[in-house]
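The next part holds the structures, each set out as structure tokens.
Both complexes shown next keep subunit A, but they swap its partner, so subunit B is in the first and subunit C is in the second.
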Partner chain A sequence: MMTQNAEHILDHSELFRGDEYQQMLANKKALFENPHDPAEVDRIREWSKTPEYREKNFAREALTVNPAKACQPLGAVFAALGFERTLPFVHGSQGCVAYYRSHLSRHFKEPTSCVSSSMTEDAAVFGGLNNLTDGLANSYNMYKPKMIAVATTCMAEVIGDDLNAFIKTSKEKGSVPADYDVPFAHTPAFVGSHVTGYDNTLKGILEHFWDGKAGTAPKLQRKANNTINFIGGFDGYTVGNMREIKRIFELMGIGYTILADNSDVFDTPTDGEFRMYDGGTTLKDAADAVHAKATISMQQYCTEKTLAFVKGHDQEVVAFNHPLGVGATDDFLMTLSRITNKAIPNALERERGRLVDAMADSSAHVHGKKFAIYGDPDLCYGLAAFLLELGAEPTHVLSTNGGKGWEKKMQALFASSPFGKNCRAFPGKDLWHMRSLLFTEPVDFLIGNTYGKYLERDTGTPLIRIGFPIFDRHHHHRYPVWGYQGSMNVLVKILDKIFDEIDRKTSSVGKTDYSFDIIR
Partner chain B sequence: MSRATTQSVAEIKARNKQLIDEVLKAYPEKTAKRRAKHLSVHEAGKSDCGVKSNIKSIPGVMTIRGCAYAGSKGVVWGPIKDMIHISHGPVGCGQYSWGSRRNYYVGTTGIDTFVTLQFTSDFQEKDIVFGGDKKVTKLIDELQELFPLNRGITIQSECPIGLIGDDIEAVSREKSKEYGGKTIVPVRCEGFRGVSQSLGHHIANDAVRDWIFDKSAPEASSKFEPTPYDVAIIGDYNIGGDAWSSRILLEEMGLRVIAQWSGDGSLAELEATPKAKLNILHCYRSMNYISRHMEEKFGIPWCEYNFFGPSKIAESLRKIASFFDDRIKEGAERVIEKYQPLVDAVTAKYLPRLEGKTVMLFVGGLRPRHVIGAYEDLGMDVVGTGYEFGHNDDYQRTAQHYVKDGTLIYDDVTGYEFERFVENIRPDLVGSGIKEKYVFQKMGVPFRQMHSWDYSGPYHGYDGFAIFARDMDMAINSPIWGKTTAPWKDAPRPSLMAAE
Partner chain C sequence: MTSLRTTILDVSNEPGCARNASKSNIERKNGCTKQLKPGGAPGGCAFDGAKIALQPFTDVAHLVHGPIACEGNSWDNRGSASSGSDLWRRSFTTDMSETDVVFGGEKRLYRAVKEITEKYDPQAIFVYQTCVPAMIGDDIDMVCKAASAKFGKPVIPINAPGFVGSKNLGNKLAGEALLEHVIGTGEPDYTTPYDINIIGEYNLSGELWQVKPLLDELGIRILSCISGDGKYREVAYSHRAKAAMMVCSKAMINVARKMRQRYGIPFFEGSFYGIEDSSDSLRQIARMLIERGAPAELMERTQALIVREETKAWTAIERFKPRFAGKRVVLITGGVKSWSMVAALQEAGLEIVGTSVKKSTEEDKERIKELMGQHAHMIEDMSPHEIYKMLKDAKADIMLSGGKSQFVALKAATPWLDINQERCHAYMGYVGIVKLMEEIEKALYNPIWDQLREGAPWDEFDWKRQAKTVAQMDAQAVDPVRGANTNGVKTISFSNKSEIGDCESAIAAHGRNLVEPAKPGTNSTARGPACKDTFSDLQPSALQAAE
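Let's turn to the complex of A and B:
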């Protein structure tokens, strides 16, 4: 009996369910795989759900399983792509660059241009100066970038390559013109995470333009004006979010510069032309940003060093934690209004009213529900604050790249709401810790990135996909999650899952015909 | 129809040579000289493709290649399902390679099966300064406690391990002893070693030789009685289920597959492979090393095969059968006959839609040559191909058995070259990886990922060929490609509408 059929071609999801394949796999297992006794597998599986296992799991000191973080250079590439005709250049082993490009492309479904200095054994011994020199020359000639932003892999960091000195020497050797912009940042993978790499790179680029281009130009003298700088941070929704933020600024009549605006390069049209570069913060705007009245970061933990640097240039700096929902968006807009002396226009007030309207309409379905959240520290904070507004309980909030400061901040947020009473933040933990949490203190829903689907399968906790990366659903990054309208998108995502879940649980005919409601 | 098919071979050769000259102009002189050796136009009758290969990539050119870690953890070891593979070093390598290769398996994930988990020692600065041996020692204890059903552990080295002088071999020996001879395999696949994934494959193969074959008694965990028809599938990573749609054919012809390397594979299967009568090798590039070793040490012959497309499948089934008696030879004929109606139906449906279409490939491993037959079975024409990390023996096989006169050959192609080539040749389809996919689709060129099967597959075997044919058709003949230019572009200006 043949399973495959030319008229109705079976995919992998169906093909291997056929009897022949099932029999084949059963034989393979029984005869050749030396499988464990199924009873033993069951026993261990059940044990892995217990408080006793959780205790051992949380006692881990050396092992990380399923972390929710990536390494610094990923954030470096993400930030560098936000500048006009800028080519990210990562100094070190070449495989890393293949990984960053794949990772970003799998999320955005867009090309990611980035080069490597392709260091190998000899560079490990002698240093990577020649690789950097040749690499800069090749990139400059082939890809005609306006700027090359250099970061490092852990290999280059371990052997101690000095980017400042190397870039100077490379220029002396004629790799690129002496006045060509080559900002740099050391981004060791063994410190922090991708959000740290974003921070270091953005700071490196601003430092380059503001503080005399590594000693090759005079430092810029700040002449304060009335514009503001805006920094999004590492953000899987950059395409939708940046456009929403620009719309808000324009509605308010604010003069602004978005720093590291990669919303166009991650959203080019399919019209016959491949745009390796598109949009981005112009190099002139990046330099002129020194004159701004203030710099606003949407994500504190992505911009700690950058904001300290900006503050050192006499600007006011304000950091948010991925503002989501009514209160956080209010704060964001009022801060903009205070800094710029521009009133919040009626159009935005109406958007606010619509979000409140939507929350009032739907809150009965969210109120009292328990959620587990994981992701980058700022996103976790923003989501938790929004859930509290909805009367929900963000019971477990876990951030692998969150630290002690973040934990404190989260606990303070919980303490500010009656719905936060039983909630707890878990800094530095991973998704295997989350698994134990979901088994021992179950919640109604889980919010996280694509990797959460393994937790959904193991623990039965329905996953709402918000975060980075989202590999297995398409186009979410095109919709904003910031502002009142972005918050509305998040609300709808949460509600859709809640309603789908009720339907799923009440869909057996003859058993749960009740509750399978047409109106909710 | 693309330009390539409307020209004579001489014209194509001249055009391809001109294209090569043009792309080289973009490079600084030194680089142009180096890259020139990797670009060629195939001359029929030559024993190889006329390119240098397996040489360091040039800095700054946007190579598509990965690293030794990707070759070991990502390709060879990662799919072994009942072992835990530690990405030893900083967090990124394991994160980016987590679950992305679609090595299908069956098992209780997280309990007795671990393919889609990301285990890492998540190096911090102090581990770089003080070394990571203590950490990985403790990590193994924690694995043993929390994942007691694991059958073995591998330590996949990331770049820092080799640079800071850690002794993971000593740790492995010590912990193996402590846990009663447990299989613990140190793998020196630091990303800076070698020039691509390729050295990682070799290092991974050698680690199997040194830390599994040499440590385990042949009878260790395999309890089956040998038969004269036992074979092992080597170099199939079960992407989208490829090894399964291959295995079923081998079993139908009367052979018994005792091991899969390494898709849906287990430690017991690795250990039992020396009992095989024949090793059949699909991805020559990544697993020829262990096949040669088994030939030398255990006297097991090996043969290469190709399960893409009915022509090569039939040829391969007969070739494999030739190592056995008439029972198997008849079995091969029976299998070919059994699937002929499926092949005929698939061909009848898709060949008319695909005939004459041209393809450019750039992939790794075996695919730059192996898939050519499958395209030809559908009436398609591969007009350009190249290897991400091939060696000269790959280009020899390509020249001698696969490509046509005048095919454009590009080894370790750069982003720039590949764009220019495709832009000028305008093939009907490009088959390459995720990093290339969106570049070409933006250009309006249909594309299929030929590493991950673009989340489809299997493509191996007869069942896989049907899926392959459907996928190529839906890429090329998607109605969306007719919409890439706005209708008001390049069209005469419409006159004012009445309402205006």
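Let's turn to the complex of A and C:
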């Protein structure tokens, strides 16, 4: 049998299309797989596209198919990486940690530093204290972090390891110095999602610095100043977004602290030096953040507990839902302006005008188009609001990690616009539900993360990649999606796909040449 | 060049042109091209006009003889649709270099023709003259003649170098080239009493195909369309048609008239925009064919088809009524006859607050009065300044116009819909008018307009600034030149006949600045300057106070 030829090595996408492989696969199927009648397979496939199937699909109670969410510790690692020389330490089984690292690295194309206490069977039986103690000591000595932020996997949570007590004991045993910063958060995957883990970890870190470092230091006394704290939330565009937000703050002349600023660690330069840590919120700034006038969160559902905690420290707190577009960015800037008493500078007003200009130039192409969106609850909200501004209909908005409150908020958004009339929010649903929606109530475009490509292929709905993770396209995370300029990027991304689609539909040579136009 | 000058004088004297006919002798002597004002922001040149008029011929290789820009910037800029060959979209140019300028480009041109013949073997090659080779004396007529003889294939010189005048002149010169070199050089396989030519129709977005099925149904054959979806051979035998319909009279009236003169083909000026115009055109075609010998029953069949199609169209328009209630439209059209559109728009429930009659005949104007009442707001030649004022004063909810006025509408934060040549949608025929209604509905209800009107929400009304702006505008009203200059705008002319510079002066008069050069529009080829708004705190009331 002819396989590879050393003179001309074929890539897998070509190799297995060769006759010999095709024959082999066909034989295997016919002789060993005991396959169903292809006609029957087709019949079932077609049936799975019907309203009847959709009803059964939506009646699913136990099984989740293709979920659009990740687990708490992923968010915990993401948040912890945003602090100066901080090593995320996940107490639990090590396989989980490998997942977080690869997940983040595949999206950001950067190494992700994160360690595990590597619990095994004996730890599951006797408790993970030894693993935590040894783990803290080892990682402290090997990686020289300035802070170790501890989160947990399900394994530690199921057996009920008490992080507060364990860390105290570890310190007593001398694994790390007594005054060393080891904030922690319980982040079981069986509760919430990565956005919850982000929230818990950020709250854990703030609590550590503000409220007396787990009883080892006096609580900080707040002396209110005029700065503001900014929290981005779990955000696949953190690299571009944080830089854009800093630019906006600087244009406005606002004193600010960005909490959990991981924009540098996910974007280290290639110059021969490996940076295990880079940038991030300094520990001093994290502590001083208690004095700020207010704390602003870009993503409400990523920061519910954190904001409640901050509010308890007499700060004003404001949460947005991933503001995108003109109206939402206006709100964001006006809130900044109100809180800080700083005017919105002309430079930003001009950016606003440019976005409005771009929307006016192109909105006819977006107007009336139907979209399905899935992703984290805040991103879904921001995208839907922007689409409504453009006269598009966000027909299906689905968030696996969205809850009842989110659903209510989405429906209120739909009710506020004539274009929201036929739109509906789907909390707690998965991408297999989305499949039924796309077949039974088709839309023009789908917005979601990389996993949407299966839906794109299956349903023929073109996918616009906005969300996390984006594995199969590179560098999207470098471009902001916040502010007027970020909204412009989103607009361009949407328009590109719309025009690509027109081109695709008119590109058959000798058939549709008449509409394959240069000028669109 | 002598023959070119003669041709230019000839087309300038076009007796078929209503505008020309209404001129005094002295005016006529000056020719029909508008004198260009140096320093203005003019439209395309004669080459551009010739190229866009002929480019829709699909099986022809269009070879531009000149340096790169002439073809580089105009490659495939026309949304015409072809049912066959794709050759017309291929970009052929001699891409003249400095050496060619020094030693002459004729040999290069000849070799380019040769290579096209060898590689593509097209039905014909159109060679377009441009400024540089015309100035250095390249004789494309001779090169084409020699190439034709050598390669046994029509190689047609299109002699309209940019500097001879406007785009419109170029359209006409293109027509002259067809008359001189192409029309009458071939014979159709057969003729029928139902053969017509359609002249000055470009099949934009394939819109002629919305009408063609109706003609097919009546048994009427489009023998030749000049030039939308046209084929070389069809133009060559177009002189065998029984009648012709002239669609865009501004561009190719000379072709229709001379074909009548030379071959006795009667023509009428008509349009397929709007329900009544479509019906009228179908009737005219039937009438003319019958006069030329077609059986009289053609008219009965035509009438029956008209009744059927009209009923369908009026019914389809019905559903827009609730959405259009109370909405006011201003209609600034170029090649489209106004009254026919007016009737359809009114039927859909829109109120027409103004319509341009620049290209309408007296008869058309009477029709408009009939439809809109004696006080119909007919706009002879509205300057961008006036359009801006009208829209800014919120006297209209939407403007339908050509691309030229797009930015005036955008600056006045008013919905706008392109109904001229650069649009992306086919509005022709009975189906087209319904599509137009759909697009109007979309434009009217697009949420972006609120954004445009409202401005940044944090902008409080700055009374001081307003007072300053109003004072500035008052000063300008007294001394327009000085006022304009303080705005950094070189105003070219305040004559309301001039189209150039009016956008600037309109903006200048409202205390605005030109800050950016021309920006690419959504579907534009050549555009006027973009008028950028830097005084965003200028409230409508301030404008009204100033006006």
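In this section, the second predicted complex is superposed on the first by the 511 of 520 C-alpha atoms of A that agree within 3 Å, B and C clash if a C-alpha of one lies under 4 Å from a C-alpha of the other, contacts with A are read in each partner's own complex, and residues count from 1 in each chain.
Note that in this section contacts are C-beta pairs under 8 Å (C-beta built on N, C-alpha and C of every residue); 3 or more make two chains touch, one makes a residue touch a chain.
It should be emphasised that the depicted structure is a prediction, and the values quoted were computed from it without experimental measurement.
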| said: Quick check for you: in the superposed arrangement, does A:G368 touch first (subunit B), second (subunit C), both or neither? | reply: second
| query | What is the contact status of A:A178 with respect to subunit B (first) and subunit C (second): first, second, both, or neither? | reply | neither
| When the two structures are overlaid on chain A, which partner does A:D513 contact: first (subunit B), second (subunit C), both, or neither? | second
| task | State whether A:E40 touches subunit B only (first), subunit C only (second), both chains, or neither. | result | first
| Per-residue touch tally on subunit A - higher for subunit B or for subunit C | B
| Touched partner set for A:L333, first subunit B, second subunit C, both or neither | second
| message | I'd like to know which partner A:E389 touches here: subunit B for first, subunit C for second, both or neither. | response | second
| message | Quick check for you: in the superposed arrangement, does A:R352 touch first (subunit B), second (subunit C), both or neither? | response | second
| Partner subunit C, residues of subunit A touching it in the complex | 326-327, 330, 333-334, 337, 343-344, 349, 352-353, 356-357, 359-364, 367-368, 388-391, 417-419, 510, 513-515, 517-520
| said: Quick check on the complex: what are the subunit B residues that touch subunit A? | reply: 26-28, 30-31, 56-70, 82, 89-93, 95-100, 104, 106, 108-112, 116-125, 127-128, 135-139, 142-143, 145-146, 148-149, 151, 158-160, 162-164, 191-195, 197, 221-224, 240-241, 244-245, 247-248, 251, 257-260, 264, 266-269, 272, 338-339, 342, 345-346, 348-349, 414-416, 419, 433-435, 437-444, 456-458, 462-463, 466-467, 470, 484-486
| remark: Within the complex, subunit A is touched by subunit C residues 75-77, 79, 81-83, 86, 89, 205-206, 410, 422, 424, 442-443, 445-448, 451-452, 456-459, 521-525, 533, 536
| Considering the complex alone, what residue numbers of subunit A touch subunit B? | 2-7, 9-12, 15-16, 20-21, 24-25, 28-29, 31-36, 40-41, 44-45, 48, 53, 56-57, 60-67, 69-71, 73-74, 89, 92-96, 98-103, 105-106, 109-121, 123-124, 131-132, 134-139, 141-143, 153-155, 158-159, 188-191, 193, 268-275, 432, 435, 451, 454, 458, 471
